[in-house]
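Structures are listed in the sections that come next.
Look for subunit A in each of the two complexes below; its partner is subunit B in the first and subunit C in the second.
The block that comes next holds the complex of A and B.
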């Protein structure tokens, strides 16, 4: 359905030239804004994204996963132009671009966005149809607009009547569909989906995922799919990027990353997903919390939480290593992928205390 | 059953709206035993949260029209406000979905836990002025004791550095830590039953696993009953002993998780499981449930799932649906109770007599 032949070859390159590409982008936020701090040179900056590279082509889905605060949403905002990178470059069809103000109308229309809190991204005093029509170019005639709104709503399996309703009148699934319709209004080649199904129940989630897959097939759109739920990403993504503390720590074809993770963080994320089958081993928490972005640890940013870490990880920041089809930023990527690296702390194998029924 | 802690029997909770009476809970029955974690799953709008609120009698503006909620032998549907206040505080605690909104942003976490300890502290006299913190009226020793207990509770729910964290404010805590703090508040009264309404939905999976593990540990330490409400099947499968599947305000299927989630008998449970994108093979398509959940205005005649069910017959749309106990403790409210999805015939289908029991979702009698 969505498999592109290039992916099976285990290559990061796909059949199309990338629509959007990030090259070593950096983004910092200032945490302390007082004038005195600045004068004294005390202004600390929090690194939200450090040297991330990623490309998205038409017709493919690139999943970005990681815990909250890892920089996923910042990465998405750099692609859409809501933020301007502090370092590195964002390329749209090969042209380097900055934030919204510097992009041309044509460039802006290449990318559609489905925002994280969809309901809040609609103006509560505007009908859904009017919000969708706002994305149209000025060349469309008023009567064409109505047809176009109806057409968009039908594409996302909504009754055209929904166009005249207000956001507060729609259910969670309906407003999500309306958000997708709005993102498609200007025929984008790339849609950025920021947590499109979080907060929805399983049944609604399934219909939205199915709709996204269907729209991708029909329009050959590329998706940048951001989620903290690996189960959802596994369903839709062709390629996967795992982020930790603003860095991409592992990337490669989604299937390979899921089947044979070569970074301990990816491994930990996968182990934390509760399986639907009660006979499977219980999910394992990842102790500790992500590092303070304004005070990053030396060496590998994951080493304080990593069960495999040793002296080298504390001193030296790992570069990307190629392990079969995936790339991983871990000194011990090869051993991890083969399963030969043993755990230093012996926290593995902890099982659920007991199940009372038999 | 001897160690049954909570029993919900044919509960009906209604809301009045402009469109008519909404039958949010429409005859739900289930039970929770001591030391048992029971999962309540279903789509949004199926009545899970209203059921939870009805149990602690916070169903307002809804009203319980019929049914019985017995907790430890007491009927909560008939209890007066004073009894309810005691039960809510001391016997049943509830943890809500969003820890951002349940903690007070202007008080340190430790104080909020201590306050909860102090409220349930029956041994010393309490007055309004004591709680307002007016120094001459403040019972210093009792508050100091409560603060020590708060630190102890924080330690129990695995908050690192409990002494230091007690002085921190909610915004200084991460989402997972805030949810742990809420657990500590809920545990302050040493409850017999903990109701957790989507406790991990707003959290990362890595944090979620920690909170779920915490719930097992607490259950094991205190032998409390837990009612865990979630729409995430994985969470229920990995945490609970028994599961109650709700739809349209009614219990569709209930039983041990190992049976219900591996060999579901009710078409709705099966549909719900098929919706989950997890454990799907490559290029398998997720299946979707056609249609939307039923409008609960006016209640249902027959099975609420009939309109979306592939196996529905005209019998499903009228009259009462019998609840069949297919295996001990595994109850299904379906006329068909067809062979399960793995292709093996169910016990009932293989010729063993079915026992038709009262509409009920509890454990074996």
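The block that comes next holds the complex of A and C.
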């Protein structure tokens, strides 16, 4: 699966205006909720997403990768409206929107969602077909609905019989397909996929990813693809956003980000992926752990774990820098991309390109 | 619903649901015993009075305090009335009361629990403090006070028992709603623009029904016991109504000479409560191991 590189179709002339756009969105969660803390003005909050910007158009796949807890799912929930941003704005077709209760029916139908825990997203007391039909508008006649359910199930390569079964009777791959069918049921332009293939075996993962690619071609849907698995993202993503501690630290065409990462975090993530080639060096796990979101480091959030960090990184929060085709929030992005930056731990900071594709 | 319709319509085939309940009822021997006792009681209440040749209120002073015999299988009381006939009529009365009271408790408690759990905020806070207050009193004592204030009658006993008992339903339903409403299928439904009423009616209520039915089954036994207890104390049914508690109370005066007057209704009350409790326990264990925790707390 990882052997087929992502096509770089995101930049060609078929690009549409973005369906959904995030502009500098921020989301905080209160972590201490006791009355005493509030009275003392000591209410702590954890920043799940800070200042992230992203846009998704029809027909393209935007991958979001990062470690657990980096804010990927929060980002997805801001797009779907499950959460409302504390700062910045979420735009649908250029209109600023809030959470789902304030969105119009038309706006809600723009977005389909495949939930992280697909089985949980089906009511276990409802047949799969009934759950899919819940996405339909009210205008359809009962027999049209049945036809449409059968059609949707066939599109995701499921037997129409599955429509009358219950979620607990389906296998992991089947329920995932049913989840995709449901997300497509109201003809969305954008589908948010939160870890759509985690928890599936590799063979099933591959067929689901193929299915997603085919559906995208057929319906020209945009995907916001959230995953911690770089191999999976690589297969589907046209553009990639790498998240760390609630920030997007690097973004650009997926292939370029994978081939020539210009942020040390991306580099470290790629190095942590086991290679297919046994002659490659073994994977290196990232040292340290992600920062506590209620107590973020000063300056660049990655500096405590970064081999290249120096005084400037501790003090100053980096802005995006353009490095060839990608953008990177690193003070030393240029030097890293050129391979001229050495790390400050005394060893040679020689860049080791990620070679799993060669 | 036919098999064909079940496959073509996007709605749940009814058969699967009933099969689940049937399987729940027949899993263990004790549950079967409970179900058997309850079924037998219903049969007695429905058909018994029609089969019995005696009138439950007709006095026959010539035959007073007769020991059990073929003509009177459970003997006669101090006014010569056939004890078995009175028990059968009493079964009809007790079951009717128990079902009515449980239905009121269930609807009131479920409504309050749904509102508290789904609306949340100060509404939840206010309703739950009321529930806490009610649960803080021992139920039967509170019912005794209410029935005492309202005056002795069967209707007042029913009111008292209904007022006292809905709180545990409210708490159970609220806690179930709180957990179900965070599930992703509720989010999925809301993200499609479905209304709160749709979510409440189609997702939340069906998902909280099972533990409520279990609690109601256990409750029927309790209500029968409560009715009999209050009647025994003179607050409920008045003689000559053939109510089990009332029969027990009047038979108490003849405990030394006519043991059947007390033992017959006593044993029947015991078997009834026993049956409903076994049935409820069995349902609880069978329907979901995780739901048992909810009920255990009540």
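By our rule, the second predicted complex is superposed on the first by the 331 of 358 C-alpha atoms of A that agree within 3 Å, B and C clash if a C-alpha of one lies under 4 Å from a C-alpha of the other, contacts with A are read in each partner's own complex, and residues count from 1 in each chain.
FYI, contacts are C-beta pairs under 8 Å (C-beta built on N, C-alpha and C of every residue); 3 or more make two chains touch, one makes a residue touch a chain.
This one's a predicted model, so the numbers in the text were calculated from it and none came from an experiment.
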{"item": "Superposed partners subunit B and subunit C on subunit A - clash or fit", "value": "fit"}
{"item": "Subunit B versus subunit C as contact partner of A:161, first or second or both or neither", "value": "second"}
{"item": "Partner touching more residues of subunit A, whether subunit B or subunit C", "value": "B"}
{"item": "Touching partner for A:232 - first (subunit B), second (subunit C), both, neither", "value": "first"}
{"item": "Touching partner for A:201 - first (subunit B), second (subunit C), both, neither", "value": "first"}
{"item": "Which superposed partner A:121 touches (first subunit B, second subunit C, both, neither)", "value": "second"}
{"item": "After superposition on chain A, the shortest CA separation from subunit B to subunit C (Å)", "value": "16"}
{"item": "Footprint overlap on subunit A, comparing subunit B with subunit C", "value": "none"}
{"item": "Touch list for subunit A against partner subunit B, complex", "value": "1-3, 67-68, 171-173, 199-207, 209-210, 213, 228-232, 234-235, 255, 268-269, 271-280, 282-287, 289, 352-357"}
{"item": "Residue ranges of subunit B in contact with subunit A within the complex", "value": "35-36, 42-44, 174-176, 201, 204-210, 212-213, 216-217, 220, 231-235, 237-239, 241-242, 256-258, 261-262, 271-273, 275-280, 282-283, 285-289, 292"}
{"item": "Touch list for subunit C against partner subunit A, complex", "value": "6-13, 16, 183-185, 187-194, 203, 206-207"}
{"item": "Residues of subunit A that touch subunit C when the two form their complex", "value": "80-82, 100-101, 103, 105, 108-109, 111, 113, 115-117, 120-123, 125-127, 129-135, 142, 145-146, 149, 161, 163-164, 166, 182, 186"}
